[in-house]
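I have a structure here, written as structure tokens, and I will follow up with some questions on it.
For clarity, chains are labelled A, B, C and D in written order, and residue numbers in each chain start from 1.
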Amino acid sequence: MTDLSPQLLLYIGTAAGLFAIGLYGFIVGPQTLRRILALNIIGAGIFMLMVVLAYRGLADGAADPVLQALILTGLVVAVSATAFALALLARLKQARPGQYRPEQEPGP
Amino acid sequence: MSLLLFDATLCLLLLVLALASILSRQLVHGVILYIAFGLMMALAWARLATPDLALAEAAIGAGLTGALCFSALARQQLHLPVVLSWPQRLWPAVFVLLMLGGVLAALLQLPPTASPLVDVAQAELINSGVSHPVTAVLLNFRSWDTLLELVVLLLALLGALQVAPAAKATTSWPLSLSWSRLLAPMVILLAGYLLWAGASQPGGAFQAGALLAAGAVVLRLNHQLNWLRWSNFWIRLLIVSGVSAFVLAALLAMLLTTDNTDVIWLRWPPQLAGGFILLVELFATLAIALTLTLLVVGEPAAAEQAQQNSGGEAHD
Amino acid sequence: MSPFWQQYLPLAIILSSLLPGLIIFTLKETQVKLRISLNLFGVGVKLLLVLLMWQAVKAGQQFYFSLPFLPGADLVLQGDALSLLFVVLSSVLWLATTIYAIGYLEHSPLRSRFFGYFSLCVSATVGLALAGNLVTFLLFYELLTLATFPLVVHRGTAQSLAAGRKYLAYTLGGGVILMLGVALLHSLVQSPLFTPGGYVTAVVSGNEGLLKLAFALMIAGLGVKAALLPLHGWLPQAMVAPAPVSALLHAVAVVKAGAFGIIRLVYDVFGVESMHALQLAQPLMLLAAATILYGSWRALSQQDIKRRLAYSTISQVSYITLGVAMLGPLAAVGGLVHLVHQGVMKITLFFCAGNFAETLGIHKVRQLNGVGRRMPVTAMAFTLGALGMIGIPPTAGFISKWYLGLGAAEVEQNWLILVFALSGLLNAAYFLPLVYRMWFLPQSMPWPQEQQLSNRFETHWMLLTPAVFTAVLLLLMGLFASTELSPLSWAELIVEREFRHD
Amino acid sequence: MMVLLLVLPLVGALLMLLWPKIAPLLTLLTATICSLAALQLLLQVSEQGSQQILLAGWPSGLAISLEANSLSCLLILLTTVLQLLVALYAFATYRRDKLGTGFWPLSSLLQLGLTSLWLSRDLFNLYVCLELLGLVAVALVSLSGDKAIKPALNYLLLSLFGSLCYLLGVAMLYGAYGVLDISALALQWQTNILSTAALLLMTLGLMLKAALWPLHGWLPAAHGAAPAPVSALLSALVVKGPLFILCLLWLQLASAPQAVAIAPLFTGCGLAALLLGGVSALRTPFAKNMVAYSTVAQLGYAMLALGLLLRFNQPLFAAALWLFVLAHALAKAACFLAIGEITATLGGKRLNTLKGASQTMPLAMFAFAVAGGSLIGLPPSGGFLAKWALLQGLWLQGDQLLWLLAIVLATLLSAAYVFRVVVLAFDRADPVAPDFAPRILPQWLALLPALAVWAMALYSEPLLRLLKQEGL
């Protein structure tokens, strides 16, 4: 069914698993911070998949440089977005201090 | 076989950490587990022969994201743990499992051979001006991506500054102050090395920038480097210089291109490519370091106020 | 006449009301004189241009102006005999209505807006008349909806807003359905120019179902404005608009746009031959006949003058549809000429009703008692209009009904003569009591809200003149029906050109 | 020319960051130059055919490829012109409305993101553009301050999730074929689970980002909370970016069986968007939310056209799709500017605020009505052109009565929500008094795009020719 080696399969499976875990967290996670973490876990899963893809076939002992560059770019983009999201979150908390309710509110 | 066992353990650990980070009752625990997860991830990537990425993941995925999350946690009250009902957990889980099944079924079809681009990239490496293939891709083959990526980073800073709430003043801790003074020069040295090494070995602008930022953050939290803020023109200039040096270099390269070839955006002249790339990287490193620092520590309250006032006066 | 003129004349006719209208929007409320002069200037120029065109068309010339628009369907303005009939009608009545409206709205607010939309409305009507193909027609049809809406809700009261909503719901719905039909037809045969004898004949075989569908869709779309039976609901409600607007809606713009569209559709798109082949005439005839009777029947029981007139319009406009649907030359003459006659008669009636309301505050039928003594001129004009509507010689109404009756006999639809007779009786039954009350009953109560609008005349001269003008016009059209200048001979010219091709 | 269009907004934004005081003027300057350049590029492309660039001069596959075809050029022109217009509007009102200084560099970056997105033909580069676009959009929304933070955060999270889904798809495709360039990928495309799954994941992400029904939940809050010029840009342009990529994927990559299989999804969602979006627009009590819901509904047309295009492969639907995009962009910009100006002047967010606006602010109201006419699809507006193309296509396919009925319903719904406002505006009973004297210039600026969308009809011939030039 597949031509992939067990090792690759293992890592690919893990990557997919991370994606799923993150997805679950993103859908369910009641706190915004948790959802941001979940997004990062999704991202990590995808990057891991890309790393595995770069690793496969290992030409001349070096992994696929193009994919590695893509991952680096992706990482930076992800952290930028996370930083912005956290800044927004902080502002949200400050805008309504002293409220202990969970953030799962009915939409507008 | 033992290697496979190692791999399996690592993967299991990753999955468990991720799950625990999502499901832990306390947010703080979630963040800590996430950082651990990031470190494990870096280990896994190192195992998969991508040291560049492992370095970056350790610095960014674990370090920077963790630091950001902690500073966000510090600013909000502790939440009471929220208990979700079964349907609230079940239906998402079903959906996620279905999706996982689909993705896995698709991923099983991946071919085991590497992309044809690897050979192309290897073949063109000698023309790229650097010897490290990842750097070549980042700053030459696909430099447009990198330029836009720097813009995204800058943008995140702009957005964050714009919505930043007034930060609380924290008192510094004498011991960490003295330590940090000792730390700073070492950090700078190490960053410089990473940057230089990027041309031929693992390392590069972003890793170096992240390291520099870490040093700066420590100092900044101890009320050193008070000039390090957005309202300072020179800091702004430096932050912006990451992108502008890139653009200017590209424009310069267009000018230098001899007449008999087409003028192409972002093409470095072959002989000078190494120099251009180093220049771009240098400024990018500085800009990244400053951007990340400001992202973590935010703009000091007083300074923000002053800036707003001056901005307001200018436009009224 | 140079070809340059031939090309731009239709455009100029539209612009002669559009441009003043646009300028009027920008004027301040206080610039009354400038506004009035602009308005009258536009009217004058338009009449002049229409006259030019009339001369030329009579001599057999064609006017043609086009802009690229959709693939296979340019924006085309063309002046042929049929379009000119409607253009002349609307420009002449626009003159009368403008003068009337100036008098009517003398002291009310937001006049710039009113006259701006008023001019837009006429521009859209004229554009609709000059439209050279279905797509252009559709365009002006929708513009007309948009331009009339602000007029209907001009008063801004809850009642008028409700009427406006209803008006929009009906007309926009009709517009969409018309668009569907036009698009369907376009996908079958593109949208060439309107041609006498129609242009769908070539594709009839094999496409019967689709063509029937297109026809039904378009009739439904046009039927909304023409107030055909199930689609007439907006018209009585739209009465809340100021009197000049009602006059315009009923006599010229909206209702006539629908009727005119039906004429175009039947003669210049489908053509007599295809209409026969597709057996479309009979259902249309039934529909029109039913509307005629229904409108008259409902008019009987209305106690509000304007509402009674509104139901009368529903009935009378269907005469046009019926005349067209009979597909005989004589009936066609009757239908076409009724387009003009009904316009002139109905506008007279509305002017008069407006005069009663404005001068004496009369809105209900029973308040009319004895008006003939207080306002003899207006009452006279009203009487003429009412007699015309019933079809009593020598008024214009007689001419059209005579031809319609002849036409029914010609195409051997004798049951229609019965319809005409019945409807004539009903017309008499709801109009004659009004006339009787005005002239023969003594004043039974004080006038609800009397205003002294003029020292010399019974009411403001600007309100009086238009009514008199149109009343005289309808009499003249009846008396001199056989002369060359009459609408009748023009209608005969059109019909001759329409039927000559085969 | 392409380079100029990419570099100028970027350099402009950087300069604005350094010297915030000159930012407004600088924005106007760059937007003007870019508009002219975009026009020039469009003319070039329409004469000489599409231009392709392999960035940095590396061989195809390794380099990122840009392509300026007529559609891209048209979209760039639209972007720059709207940018200029909105900048003018913001310039006229920023003191009054307390628009943050952040607006200027951000809007320039928005232009950069959009331009590079329209040009890029590289899957990963498109990802970066998407992220850039998403972050700028959120930053712009958050300019409104406290009330906008929550919608902005929600928007950001969903947008990030969408990007990640897209990225996963890109990773899978790269894993399978080893290339990122779309045209190269199309050559090797195979129909299998892997490619289908990748396409579906990317579709999910893009639909989320483009606020296509049923993933539109974030849009009304975010667009409603943003400052008026920002809402105009977001509704007119930003949601079109992901839509553009979606079309690229399905039209250039997907094989025929895949395209036919997905078509019902798009048509169904489009239909639902049209009807449910319209109903929501009709029910919401807030003025800007109404316009935002109308965006959800109108995107349904684009989706419907895309679905029909995939199903029947009829070029008329492609024309309809892009005409909808163009017409909607212009009309929506006009709507948001007009409503923004009215609500700012009359002081209130609810629709009731608009009572009597036809007297107090006739120009803005007129702009709204004219733009609304295009949303409804009245001739001779751009919206009519699009709808006409759609109807023609449907009639040519024959036996599509269900769709026709749906279009009629959708048209009536849009008429209902547009005229709900117009009727309110004509209410003379007790008009809302303005907080300050209405200003003329901003109202004219709102009117301009509304007039432009009607003028589109006059240029339908060249427009259709341009849109047909590209199979896309």
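Quick note on the criterion: a contact is a pair of C-beta atoms (placed from the backbone, for glycine too) under 8 Å apart; a residue touches a chain by one contact, two chains touch by 3 or more.
Chains and their UniProt names: A = Multicomponent Na+:H+ antiporter subunit C; C = Multicomponent Na+:H+ antiporter subunit D.
Here the structure is a predicted model, which is why all the values come from computation and not from measurement.
**Student:** Give the identifier of the chain nearest to the protein's overall CA centre, each chain being represented by its own CA mean.
**Tutor:** Of all chains shown, the one whose C-alpha centre lies nearest the global C-alpha mean is D.
**Student:** With chain centres defined as mean CA positions, report which chain is farthest from chain C.
**Tutor:** Greatest centre separation from chain C goes to chain B.
**Student:** Indicate the whole-number Å distance between the mean C-alpha point of chain A and the mean C-alpha point of chain D.
**Tutor:** Comparing mean C-alpha positions, chain D is 28 Å from chain A.
**Student:** Roughly how far is chain C from chain D, centre to centre by C-alpha average, rounded to an integer in Å?
**Tutor:** 43
**Student:** Let me have the rounded angstrom distance from the C-alpha centre of chain A over to the C-alpha centre of chain C, please.
**Tutor:** The separation of the two C-alpha centroids amounts to 68 Å.
**Student:** Where the CA atoms of chain A average out and where those of chain B average out, how many Å apart are those spots?
**Tutor:** Here the centre of chain B sits 14 Å away from the centre of chain A.
**Student:** Where in chain B do residues touch at least two different other chains?
**Tutor:** Chain B, residues with two or more chain partners: 103, 107, 109-111, 114-115, 117, 121, 141-142, 145, 149, 152, 155-156, 159, 163.
**Student:** Touching at least two other chains at once: which residues of chain C meet that condition?
**Tutor:** none
**Student:** Specify, in ascending order, the residues of chain D that touch 2 or more different other chains.
**Tutor:** Answer for chain D, listing residues that touch two or more other chains: 62, 124, 128, 131, 135, 138-139, 142, 149, 152, 168, 172, 174-175.
**Student:** Following the definition at the start, I'd like every touching pair of chains, please.
**Tutor:** Pairs flagged as touching, ordered by label: A-B, A-D, B-D, C-D.
**Student:** Under the touch definition given earlier, write down the residues of chain C that touch chain D in their complex.
**Tutor:** Where chain C meets chain D, its residues are 25, 67-71, 75, 110, 113, 135, 138-139, 142-143, 146, 149-150, 153, 155-158, 161, 164-165, 168-169, 172-173, 175-177, 179-180, 183-184, 186-188.
**Student:** In their shared complex, at which residues does chain B touch chain A?
**Tutor:** 3-4, 7-8, 11, 14-15, 18-19, 21-23, 27, 30-31, 34, 37-38, 41, 44-45, 48-50, 52-53, 56-57, 60-61, 64-65, 68-69, 71-73, 75-77, 79-80, 82, 84, 88-89, 92-93, 95-97, 99-100, 103-104, 107-115, 117-119, 121-122, 133-134, 136-138, 141-142, 145-146, 149, 152-153, 155-157, 159-160, 163-166, 204, 206, 295-296, 298
**Student:** Can you list the chain D residues touching chain C in their complex?
**Tutor:** For this pair, the touching residues of chain D are 356, 358-359, 362, 369, 373, 376-380, 385, 387-388, 391-392, 395-396, 404, 407-408, 411-412, 415-416, 419, 422-423, 426-429, 457-458, 460-461, 464.
**Student:** Across the complex, what residues on chain D touch chain A?
**Tutor:** It is residues 62, 124, 127-128, 131, 134-135, 138-139, 142, 146, 149-153, 156-157, 160-161, 164, 167-168, 171-172, 174-175, 217, 220-221 of chain D that touch chain A.
**Student:** Name, in rising order, each residue of chain A that touches chain D in their complex.
**Tutor:** These residues of chain A touch chain D: 19, 26, 32, 35-36, 39, 42-43, 46, 49-50, 53, 66-67, 70, 73-74, 77, 80-81, 84-85, 88-89, 91-92, 95, 107-108.
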